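Note that the chains take the letters A, B, C, D, E and F in the order they are written out, and that residue 1 is the start of every chain.
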Amino acid sequence: MDLARRIADSETRVFKVVFPNTTNHYDTLFGGMAMYLMDEVAFMAATRFSRKRMVTVSSKQIDFNHPIPADTLIELIGRVTRVGTTSLDVEVEIFVEEMYSDSRHLAIKGGFTLVAIDENKSPRSVI
Amino acid sequence: MDLARRIADSETRVFKVVFPNTTNHYDTLFGGMAMYLMDEVAFMAATRFSRKRMVTVSSKQIDFNHPIPADTLIELIGRVTRVGTTSLDVEVEIFVEEMYSDSRHLAIKGGFTLVAIDENKSPRSVI
Amino acid sequence: MDLARRIADSETRVFKVVFPNTTNHYDTLFGGMAMYLMDEVAFMAATRFSRKRMVTVSSKQIDFNHPIPADTLIELIGRVTRVGTTSLDVEVEIFVEEMYSDSRHLAIKGGFTLVAIDENKSPRSVI
Amino acid sequence: MDLARRIADSETRVFKVVFPNTTNHYDTLFGGMAMYLMDEVAFMAATRFSRKRMVTVSSKQIDFNHPIPADTLIELIGRVTRVGTTSLDVEVEIFVEEMYSDSRHLAIKGGFTLVAIDENKSPRSVI
Amino acid sequence: MDLARRIADSETRVFKVVFPNTTNHYDTLFGGMAMYLMDEVAFMAATRFSRKRMVTVSSKQIDFNHPIPADTLIELIGRVTRVGTTSLDVEVEIFVEEMYSDSRHLAIKGGFTLVAIDENKSPRSVI
Amino acid sequence: MDLARRIADSETRVFKVVFPNTTNHYDTLFGGMAMYLMDEVAFMAATRFSRKRMVTVSSKQIDFNHPIPADTLIELIGRVTRVGTTSLDVEVEIFVEEMYSDSRHLAIKGGFTLVAIDENKSPRSVI
């Protein structure tokens, strides 16, 4: 399978209700929870692309420009954006959707780098 | 927007790692956890279709034919399959993907009926 | 021990506070959470009856007729209702109790089928 | 209703699978988790007895004589053992049941004192 | 290293936001949750003192004199207070801090006894 | 109180057992969980410094150089490193401690920027 096709096929989507138990005391999604979910999506997109054991080695700067209120829906979308020898990059976007209108906008975007490792936790080819 | 388009747009997908803390002591996804996730996806697909307050009123028979082992990925896909006056049906499928191969198969399928309610929790038009 | 006695002895009860973190944004118990709890009780009643490794193979239709508000108590009661060769049925009821009055009523009832499995996950006698 | 009857009716039982995610790294139920569950049962028994707002004011010494291994079932049983003017005592026992045999024994016993409070959090009559 | 130094070095501190999902329906920290956190801190202080496998064998009486409201910060501090042959005692205090003022006070104090165990779960020297 | 003193006083420490339910399927702390914990510590240090309502607006690049194995202890330490007009920076370090030896090393370091907001979520002075 060619690279472009593998990248398209490994796009990974996760919808989620912003239930009260994931929000802080300002009633918006806790920043750490957003980071947790983004890393999980990055891991899944990377694994589905490479079908190797992948681990996160770094996250790039993440800006939390738009607070995500409770009682909305969010969709996380993870896409492989760079394929190296033993590492790859995944970009994860979080969109916010109102529950009771068709309003939707991008709230957070972040980049993660993951490496493929073998049984001894040494780097190996990502493809 | 026409109905077919709203149904297509409200399709809701959720990928998830079957982490050890969601499995039972046979190391397969706990059935109750699968039901929990399916109802959450049904709720999101119904809400995204109707943009009304939706509540689950029943789940149809669910068969757990294929155990879902730990350390796999699952994708839940929810689709509106019937639109009534104050209620609609959502079908939710759970696919299992091996992490380290391209193998993927349907493991569980279930149907949920949800109704639209107004502020007083009385049924209202679903569209 | 005779069958009637084993059925009586394996009845399994679970009381639970409906804490805010188990409710949805309508402040009632999330349907998926009810299903999760019911399956856990079905599993315990089946295991306590058979003393074999049991897995859920299907849930029958479940009707959520009465929403369960936050800040109530619920009691789940699971009882074996059919004993087959390699499978058995468990019925699970959820009762709601007001905290500050003696009011109590049945809110949800559901049926689950479980099979006994051996070390190789093949069906085996349930008794 | 007379006192003995109210005490009998407020006995509160909770069965639970000791899933791996409630155990520590010795594969036995984490002591703090046992205390958490015991306090929850004490609260429910006290509330079901008094039908007033109850809060825990103290726990008596608790001895963890028998470690509770993963992959067993536990049953917590809470009973009102003393009824004062504005407070009452609840004793909570935890029994361990093997999954695959009829073996069952008492593992932990603890006492809790709870008081009834009014809207202003002042003590009020417990009956 | 001498004993006083090991005791000082093993002091263990944990700050925590009292998020809504750790409180009960009176909007104060659930007593069982406080006990859970205290036992975890006792375990860490004991382990960091002895560097042996430690298990809790008893908790002394715990008084919950001051309710801990939601949307405050708490700090748990665990200190070894007695060193025996195969057991030691840890005292754990919980302080409450207002978020938006410098107000801070002691809310709960509790004592735990832990023993050192070897691979066969037999008691062994704590030092 | 002068600035240096406020910075020293707001240093925030959190010890934690790396329990199996916080690790991924390689038996090391899940990267997203580390980010979640770091943001929580950053929030507490910022709040304890300013005693204002603080929200995270960005995280700087985070490198996960050293995997954190299960069954270790971690200590997170958060310190205010820059104080601006309406924002401040917090640096959070995660140290790993072996349970059964005095070995300890820095595993992860990350920077967060938080802003002080008023009731209308507009920026306000951080001091």
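In this text, a contact is a pair of C-beta atoms (placed from the backbone, for glycine too) under 8 Å apart; a residue touches a chain by one contact, two chains touch by 3 or more.
These figures come from a predicted structure and were not determined experimentally.
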item	value
Interface residue identity across copies chain A, chain B - same or different by half	same
Of all other chains, the one whose Cα centre sits farthest from chain E	B
Fitting chain D to chain F on CA atoms, where both chains share a sequence, rotation angle to nearest 5 degrees	120
Euclidean distance of C-alpha centroids - chain C vs chain F, Å	42
Centroid distance [mean C-alpha coordinates] between chain F and chain E, Å	21
Mean-CA-position distance for chain E and chain A (Å)	36
Multi-partner residues of chain B (at least 2 other chains)	17, 20-21, 24, 40, 43, 53
Chain D partner contacts - residues on chain E that touch it in the complex	24, 26, 28, 30-33, 35-40, 43, 53, 55-65, 67, 121
In the complex, chain B residues that touch chain A	12-17, 40-41, 43-44, 47-48, 51-53, 73, 97, 99-102
